[in-house]
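Quick one: structure below, then a few questions.
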Amino acid sequence: MTSLGVGLIGTGYMGKCHALAWNAVKGVFGDVARPRLELLCEVTPELAREKAEAFGFARATADWRALVADPAVDVVSVTTPNEFHAEMAIAALEAGKHVWCEKPMAPALADAERMSAAAAASGRVALLGYNYIQNPIFRQIGRLLKEGAIGTPFQVRAEMDEDFMADPDAPFHWKSAAASGYGALDDFAVHPLSLIQRLFGNVARVFCDMGQPYATRQDKGNPRVVETHDMANLLLRLENGMQASLLVNRSAWGRKGRIALQIFGSKGSILYDQERMNEVEVYRAVGPEAEQGYTRTLAGPAHAPYGQFIPAPGHGLGFNDLKVIECRELIRLIAGETATAITFAEGLAIERTVHAAARSFAEGGWVDVGTVTE
Amino acid sequence: MTSLGVGLIGTGYMGKCHALAWNAVKGVFGDVARPRLELLCEVTPELAREKAEAFGFARATADWRALVADPAVDVVSVTTPNEFHAEMAIAALEAGKHVWCEKPMAPALADAERMSAAAAASGRVALLGYNYIQNPIFRQIGRLLKEGAIGTPFQVRAEMDEDFMADPDAPFHWKSAAASGYGALDDFAVHPLSLIQRLFGNVARVFCDMGQPYATRQDKGNPRVVETHDMANLLLRLENGMQASLLVNRSAWGRKGRIALQIFGSKGSILYDQERMNEVEVYRAVGPEAEQGYTRTLAGPAHAPYGQFIPAPGHGLGFNDLKVIECRELIRLIAGETATAITFAEGLAIERTVHAAARSFAEGGWVDVGTVTE
Amino acid sequence: MTSLGVGLIGTGYMGKCHALAWNAVKGVFGDVARPRLELLCEVTPELAREKAEAFGFARATADWRALVADPAVDVVSVTTPNEFHAEMAIAALEAGKHVWCEKPMAPALADAERMSAAAAASGRVALLGYNYIQNPIFRQIGRLLKEGAIGTPFQVRAEMDEDFMADPDAPFHWKSAAASGYGALDDFAVHPLSLIQRLFGNVARVFCDMGQPYATRQDKGNPRVVETHDMANLLLRLENGMQASLLVNRSAWGRKGRIALQIFGSKGSILYDQERMNEVEVYRAVGPEAEQGYTRTLAGPAHAPYGQFIPAPGHGLGFNDLKVIECRELIRLIAGETATAITFAEGLAIERTVHAAARSFAEGGWVDVGTVTE
Amino acid sequence: MTSLGVGLIGTGYMGKCHALAWNAVKGVFGDVARPRLELLCEVTPELAREKAEAFGFARATADWRALVADPAVDVVSVTTPNEFHAEMAIAALEAGKHVWCEKPMAPALADAERMSAAAAASGRVALLGYNYIQNPIFRQIGRLLKEGAIGTPFQVRAEMDEDFMADPDAPFHWKSAAASGYGALDDFAVHPLSLIQRLFGNVARVFCDMGQPYATRQDKGNPRVVETHDMANLLLRLENGMQASLLVNRSAWGRKGRIALQIFGSKGSILYDQERMNEVEVYRAVGPEAEQGYTRTLAGPAHAPYGQFIPAPGHGLGFNDLKVIECRELIRLIAGETATAITFAEGLAIERTVHAAARSFAEGGWVDVGTVTE
């Protein structure tokens, strides 16, 4: 396996997360070539230089077009705000680079479709940063389902909640402006949808209600009308026939990183909550009734690739470790191997579900996801 | 306070629960007159006599009409299957008796309306057995909301799940036949709806999806088509403007008595689960961020009337204790005092919501609860 | 089975609990004769009459000697403060009555020994009110151990904590005076010791450390020296060879009714906490490592006699229900049947362990329980 | 701040953990000079080269003496088995290097004393790898105690349990041979002792009981006598007067990485469990009794330096992240700044407590830690 030259655009929340992953992937997994951290791009040359030094990149630039064109760069991490994803990712793909782009793909469905088309045309790897699917405990859920541990699943309930928009006295946030998208629907729902897609496939149809905790927020001393919806409740029917629900709320005081799943099947059920990401609870309807119950399993080396990080069980992976695993999967894909990942093509189905939900909210009825196009 | 003469119809799950409550209410609360357990009705004279002896009733009968007409009976506990509620409750009210009737009111909305009308016409107390609202910890939630502990509530999520219908290999159950009702919608949803009503008032409109885990069940060796829905997912808008969701499933392996609430407000949130009925979790967005979190409170004498049962906190009330509290509230109502209770009139709004949900499922759109009549 | 005539001495915390149990036992279990509530004794005739009316007793008295001599009384509930247990229980036994006495037996070991001797001489049933052993979930632990679910147990850790003595600003309490006993050692330790005894047999030797959170407490405006110890830590060796620890604290802020057990064996482990008395967690070292974990079981009809109270699982028994079960066991014993119970003879071993611990604290070394006599 | 030259001896469990930390510390914290990974030592040149490549070290050697003498190396990570710590750490210190040595210091107290003396003589930084004290949530506990959130603490209970020695059918393990030490006492107890020391200072006296789950284990088909103790129960008195207990078990089926603390004080209590390392529960005896309870806080940016890893709360740090924090503290110490760390001098008090406990077990009485010397 030859070493990959890496270009990183953006050094915020996810940019730093990518950078740490690129630095760690060789040490953690051993069996990959050490990536060459070639070029980092930020908005100013000064910031780019500072971050390049911090994250171990050889060179810095404030011109992302130079980065995607750089011959030493094989793969581009795109971690800028969502509105820039399409332009950058497409340019990188057209320049023959592999792309590791943060989710969601783009505010506009047309852009997401163009990204997917560009990926297909390029023949390059185009991966979305849906890191929660990389959690060894989440993969264990997939294994359990495949093995029939809970029989045939017929219902899944998903919730995603945080409270960074919960304070009514906080000043007007750019996420409350219509330009930022629908609100919790596109900001949050894509994450649990990635989990649902990974486990059960695509959504067939959707019904959606949205809500606003606060009609206005303070903007420089004056109330300003909130244009997005911090809450969205979705009812879903999956292509495989399952019934599903998805409740998301970014004004949910007390919730910090909750992504909860409840999966019910003909022989048992499975519970998961990202706030306790090293745990899964499984109920199996077997054995004496007096002994049945939810079995809570702690992540450990039995859940690959946990053991690459820590040889002892129950010691706990962290959020950033998931990006290291995702990075390893990206390298696998680039090497032509199979991997656990959500590509641009698969991500497009998630985006389409989001836009179908928005249309459902406007129309007040079920919307078939397949009928939604740009 | 004069002693009440009690008549009990039915001695199944809820009948026994009523009987235990009538036996315990004086001992627990002290400040009421000891009820006279006059007459018990069961389907045969033999069973009636056996149960009268077991539950301490003076006389027994197999004729419920004799019971509601009995001059020594002041109040009638109606605990028979739902389909008999209307006839019995109305007859009792018309005979001038107070009625304590198990929920839901009746399978047909028209019957529920007749019950409510009969109660109004009678001038008697007509109480529904929505016992979960009597939990001292649930009452504490009400107090917290009233005090503004979580500011203005804007969203509530409710779930109710059990697994007695979860086994696909169990024989065809009468609850799978259309004659029994819609399924989980009327069997389960009324319970969490009673909690929502008590805390936040009535439902304005509803959207509903229903699902069947199993299309057929074994009936004497042959598959028989299942006519009810063990799963129902409801999105709600309350009259007070709140957004709500209600997910119910009686084929949910692993869930035994789950009735879960998540209430989000402008200053905090509240979590509750009936499976841990002596606990409530409250998040308040006050104080240093580093110290915020969900505070889990155990029921104790600070949550009246817990102290009537046990003088020490954290020792745990049980499900049957809630019926004793409900019995005390009934006696309070009969004495003309204010009480925590859901009367026939209030229960009718719950029934109406259920039927509105059923219509929504048939039509695929929102249904205004106010538009639903018999 | 003939009906038992009941006499009740005391109507405080445990007296009321006995009274509720005597009222409920027939209704709950059905298969016993309804007890005749004959005579109730309190400190004044007025209070006795009031409580007799409240608890459904036919007659009242302020003379406990009259009660134990009453020919209509077959069994005496002794629920007075510990210092009166010996005199009353022995008098009742000598009068030919069965005795149901609250724990612990008596502050002085000599009294406990006299009680045990009187019971043996009387040929009557002499039961101690160790209600926690009656919890269906606790009985399930016993069944699991017997079936070898966790192999050979080799270690048990017990804790019991409440916080009613935790406030340093509360006025001097009679439990802080030496006359009340050692402190948490005799006040609390007997409860978890009853659980350990029931599951694993008697204690062979003990080491004990005790501690005082507060050296003085306010007594009418002046500091008064605290003479008892609110905290006690015990290390134990059981007669069966197991290693054990027992930590008790009645000044443990936040703990309300915690009695926690951790049992480790060669094939698994079991966790229990009285604050969640309807749950038990069991780890079995079987099956794939990736699926192992603690299985949390909720109490249900599969755990007899839960089903006598509620036909559905997961709905929750309460603290008072345990006394009803204990009452049923008492009736069983009186009828000459085997039952789950701790008799005076067995209780004496618990008392002896407590006194051995006190001696260990004084001497600073291990004390063999067998060497401790009055 | 100038860049440090790093030498790493050992690449096992902790060696890899050090290597990942050295790779990540600059990226995570930004405000340090990027360490130069100069030289890695393993038992063979081949393994050393392979690991050097994996972990990004420039050079490799199989001669640890060459490493500690290497002029490009400023700081040496010692992660070899405990028996080699003393020789290597002392050599490194004598060569003028800073040392980052894994815990515990050494099996023999005399060696630990020599290490401490060498550190003092060298004037270099000598840090022990007690990583659990670096958990932002653990630091929060320290802050809470300092602020008096629970008043004056008077009792702490600690437990540490894993199950890697729990299988009675596993072959004889080198940890069952006397040469490995006492057993759980030195293998485990040092970790919770480091937490206790950090929060409350040193142990004054100790009483210890030890136990063996299995007397023999299979060794090539024959039973072989187990010479160590997988279980140890300690009662402690701290120098500050607090009462403490410490229960450790490495044959505790079901426990994977449990390090549990319960801290009781005059105004509240604190609970912590390393298996849920991103959570802490705090009870404060303030406000209405009806609202008191344990408040569970999730780690977030409010708990520095969590925010250096992830800007959003509740997303979860992992075990390996603690080593990155520890590495940052080491760099701080080398730069002459104050830091959160356990030095050789402080670690010696922990080792002394362990040896005092062993003596207590042999003698059956309390042992003053201060009386224990080599």
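Every chain is named by a letter (A, B, C and D) in the order it is written, and numbering of its residues begins at 1.
The definition used in the following text is that a residue touches a chain if its C-beta (ideal position, glycine included) is under 8 Å from a C-beta of that chain, and two chains touch if they have at least 3 such contacts.
Just so we're on the same page, UniProt names per chain: A, B, C, D = Gfo/Idh/MocA family oxidoreductase.
All values derive from a computational prediction rather than experimental measurement.
When each chain is reduced to the average of its Cα atoms, B sits farthest from subunit D. When the interfaces A-B and B-D are ranked by C-beta pairs in contact, the top one is A-B. Per-chain Cα centroids separate subunit A from subunit B by 41 Å. Each chain gets a centre from the mean of its Cα atoms; for subunit B and subunit C, those two points are 35 Å apart. A separation of 53 Å divides the Cα centre of subunit B from that of subunit D. Shared interface positions of subunit C, defined as residues touching 2 or more other chains, are 255, 292-294, 298, 300. Within the complex formed with subunit A, the residues of subunit C that make contact are 140, 143-144, 149, 281-282, 288-298, 300, 302-303.
Contact residues of subunit C toward subunit D in the complex are 150-151, 154-155, 157, 159, 163, 166-168, 207, 209, 211, 213-214, 231, 233, 235, 237, 243, 245, 247, 249, 251-255, 264-269, 271, 283, 285, 292-294, 364-366. Those residues of subunit C whose C-beta lies close enough to touch subunit B in the complex are 13, 16-17, 19-20, 23-24, 26-28, 30, 34, 53-56, 162, 164, 255-258, 274-278, 298, 300, 309-321.
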